[in-house]
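Following this line, the structures themselves.
The two complexes that follow have chain A in common; it is paired with chain B in the first and with chain C in the second.
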Partner chain A sequence: MSVLDVSHISKSFGNQTILNDVNLSFSGNKIYGLLGRNGAGKSTLLNIITNRLLPNGGKVTINGDTVDNNDEALSHLFLMSEVNMYSNGSKLSKIIDDTELLYGSIDRQLVTELANKFELDLNQRFGKLSTGYRSIFKLILALCLPVEYVLLDEPVLGLDASHRELFYSEMLKTYADQPRNFIISTHLIEEIATIISDVIVLDNGHVLLHDTAENVLAQSSVVVGPKADVEQYTQDLNVIGKESIGQLAAFYIYGELNDRPIPDTVKISPVDLQKIFIFLTNYTNGGNGSEK
Partner chain B sequence: MSVLDVSHISKSFGNQTILNDVNLSFSGNKIYGLLGRNGAGKSTLLNIITNRLLPNGGKVTINGDTVDNNDEALSHLFLMSEVNMYSNGSKLSKIIDDTELLYGSIDRQLVTELANKFELDLNQRFGKLSTGYRSIFKLILALCLPVEYVLLDEPVLGLDASHRELFYSEMLKTYADQPRNFIISTHLIEEIATIISDVIVLDNGHVLLHDTAENVLAQSSVVVGPKADVEQYTQDLNVIGKESIGQLAAFYIYGELNDRPIPDTVKISPVDLQKIFIFLTNYTNGGNGSEK
Partner chain C sequence: MFDFDFNSGEPIYRQVAEQIEEAIINGSFPEGTQIPSTTEISNQFHINPATVLKGMNMLVANGLIEKKRGVGMFVVQGAQETVKGARRATFFEKEIQTLVKQAKSLSISETELLKMISKGYEQ
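Our next item is the complex of A and B:
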């Protein structure tokens, strides 16, 4: 089984530390959600994994082989990002040919099928495409290449709601046909919540959380009721966020609940992934940013 | 009262018609949502309004004065878009100074306050900012200039969930302090559904819909029940979308319901704006794209 290892990666720009001793391992043909606030270092990490940026320390390997200047190792990876790698004057069909040369093959039947579904004319020049259609073209490449690791940095940037739905469903189809690893970095957390198997949260340059989506959701709950009762019941729990309106309070918990009986006045419910994420990473505002 | 008029605007690129006789009027210090599929012509329209692109026909006026090469008229408009107008080497503080010269003034106290809230260091150079922080910087400019029309093209592109919440709430604060017109083009429809007063849907180069958000929501409903009953009840209504699972069907209606009694087996509920939008503009897939 193929393994992508990120080992003790650090990266600074000037005196700003972006990544600080990041360790991660990707394998088992899973769909990973790579989450983090603006500036958390997600894009930097994806660029280091694909050798577009060099780290200040640490290394990235595929099955033990470094990706650093190693075309063989890099041929297992494709990064789709908002950076435009293609010249504005190039026809899309020409970019597909060039990419095929680079990766050895491309699923031409799927390229045509997806271009039809998204109504993308492959005879156009890249520079003529709108933001949304640039994303669509790059997504089609990402889905049709024979790589073991598909890295998507903000894949649906500029895509309308119908195209976003279409992309997620086509991605899952290609995943079912040919299981491989996806690493998806996005700010539209609820849209990917149902398709990811693993959650990684980068925060302040380090890995704050790496667990299955199932475990993360299972450990999250919200306790709602009269403020005094909620405060008392949650006092020895890991409270990650608080909301209140008048005398009514909602406290968000990450971790085990305790064995004490739940008071009749309070109700405990599950929490969605985006909400958990906001509370876990909103420390800088001391929780105020999320008080409603 | 200031009025921005878009009159008989047409625009083609090569043999492709992007806008076809578009007529719109903006006034009354409202918050407009400009919606449309990828490629519907939203960005082209915003660029024509702000004289960054010339139309093939028609004209744009503010209080009767053309915007074409008219600095006075253009000083009432600011367009924030994903196109980067600023040089990578410029410090943010320098760009603020230059923009102030162009617009006569800028609310410096608010610039500082917003930069603090978003944790943006104004001594950085523009080229060093991430996608999300470029958006944030341009949003701060948009909110702090003394213009009557603030045009936002995909304002939250690349912003994380907390920053998106913060932006919407700060935008509403500045709107309350100083009412003016906002025209917001976005694909994240549900996020703006509660803050817009008017909905404009561009489709295939023309205005498909222009109404208050209240009216649009009031005219939209979903009829759910056994398929045969739903089909019978909705047969003379304007059905814009259909979903079905087994024998259960959900038909989406845009327009009046009829006076006939509602069968006990069917339930009629409101629909959210994003769903209405998807059905109204999804004609190309014959509705299949939205069948679940």
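Our next item is the complex of A and C:
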């Protein structure tokens, strides 16, 4: 089974540290959600993985082989990002031909099928496309290449709601037909919450959380009720966030609950991924992160 | 149609299992017939196929659906009664306790609540 290893990756621009000793491993044909606030280092990490940027320290390997200047290793990866790598004058069909040469093959039948579904004319020039259609074209390439790792950086940028729906369906369809690893970086957490199986949260250049989505959800809960009761019940728990209106309070917990009886006035419910993310990465609003 | 609540924080695989159970109870998925495939549910509701599969495996373990090799998943004969039985077993803790708690918070007495229940049965 193929393994993509990111070990001890560090990156600075000038005196600003973007990534600080990042260690991650991707395998098992899973769909990973790479989450993080703006500036957390997500895009930098994806660019380092695909050898578009060089790290200051550490290395990225596929099955033990470095990706650095290694075309063979890099042919297992495709990064779709906001950066436009194609010249404005090129026809889409020409870009497809060129990409096929780089990767050895491309699923032409799927390219045509997806272009039809998204109503994209492949005889157009890249420069004529709107922001949304540039994303769509790059997504089609990403889904049709024979790579083991599909890296998507803000994949649905500029796509309208129905195109986003269509993309998620088509992505899952190709994933079912041909299981491989996806690493999706996005701010639209709600849209991918049920699609991903694993969650990685980057925060200030380091990995704050790396676990299955199921575990993350199972560890999270919200305690709602009169403030005094909620405070008392959550005393020795890992409170990551607090909300209150008047005397009604909601405390968000990450980790085990205790065995104490739950007061009648208090209700404990599960929390969704977006809320967990917001509190884990927000240090100013009553939350204190998951670590001290 | 399936009625998922993705913001509820309730584990998705359990919601998948519950929605299929619901469809078995109301007869949308009759006994002996094939249910939608993992891929179909995954594509339509944008759920990771492994999650859908986990929900389905729960139903297999509970004897509600069975796998026919190369064909798909089928509702087992007697599944409807099995689901109903399982839901009856948890009815007290899942529904009645919540109902009584709410009634208490509204100062509805036991007698009054029982009267309302009788009235509900008459309708």
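In the analysis below, the second predicted complex is superposed on the first by the 283 of 292 C-alpha atoms of A that agree within 3 Å, B and C clash if a C-alpha of one lies under 4 Å from a C-alpha of the other, contacts with A are read in each partner's own complex, and residues count from 1 in each chain.
FYI, contacts are C-beta pairs under 8 Å (C-beta built on N, C-alpha and C of every residue); 3 or more make two chains touch, one makes a residue touch a chain.
On a predicted model such as this, the values are computed, not experimentally measured, just so you know.
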{"item": "First (chain B), second (chain C), both or neither touched by A:D160", "value": "first"}
{"item": "Which partner, chain B or chain C, touches more chain A residues", "value": "B"}
{"item": "Partner chain(s) touched by A:K128 [first = chain B, second = chain C, both, neither]", "value": "first"}
{"item": "Chain B versus chain C as contact partner of A:A218, first or second or both or neither", "value": "second"}
{"item": "Partner chain in contact with A:V201 - chain B first, chain C second, else both or neither", "value": "neither"}
{"item": "First (chain B), second (chain C), both or neither touched by A:H187", "value": "first"}
{"item": "Chain B versus chain C as contact partner of A:S269, first or second or both or neither", "value": "second"}
{"item": "Chain B/chain C common contact set on chain A", "value": "165"}
{"item": "Partner chain A, residues of chain C touching it in the complex", "value": "6-13, 38-39, 42-51, 101"}
{"item": "Residue ranges of chain A touching chain C (in the complex, touch as defined)", "value": "30-31, 165, 168-169, 172-173, 175-176, 190-191, 193-197, 213-214, 217-218, 220-221, 264, 269-272"}
{"item": "In the complex with chain A, residue positions of chain B that touch it", "value": "13, 36-39, 43, 82, 119, 128, 130-133, 136, 154, 157-166, 187-189, 274, 277-278, 281-282, 284-285, 289-290"}
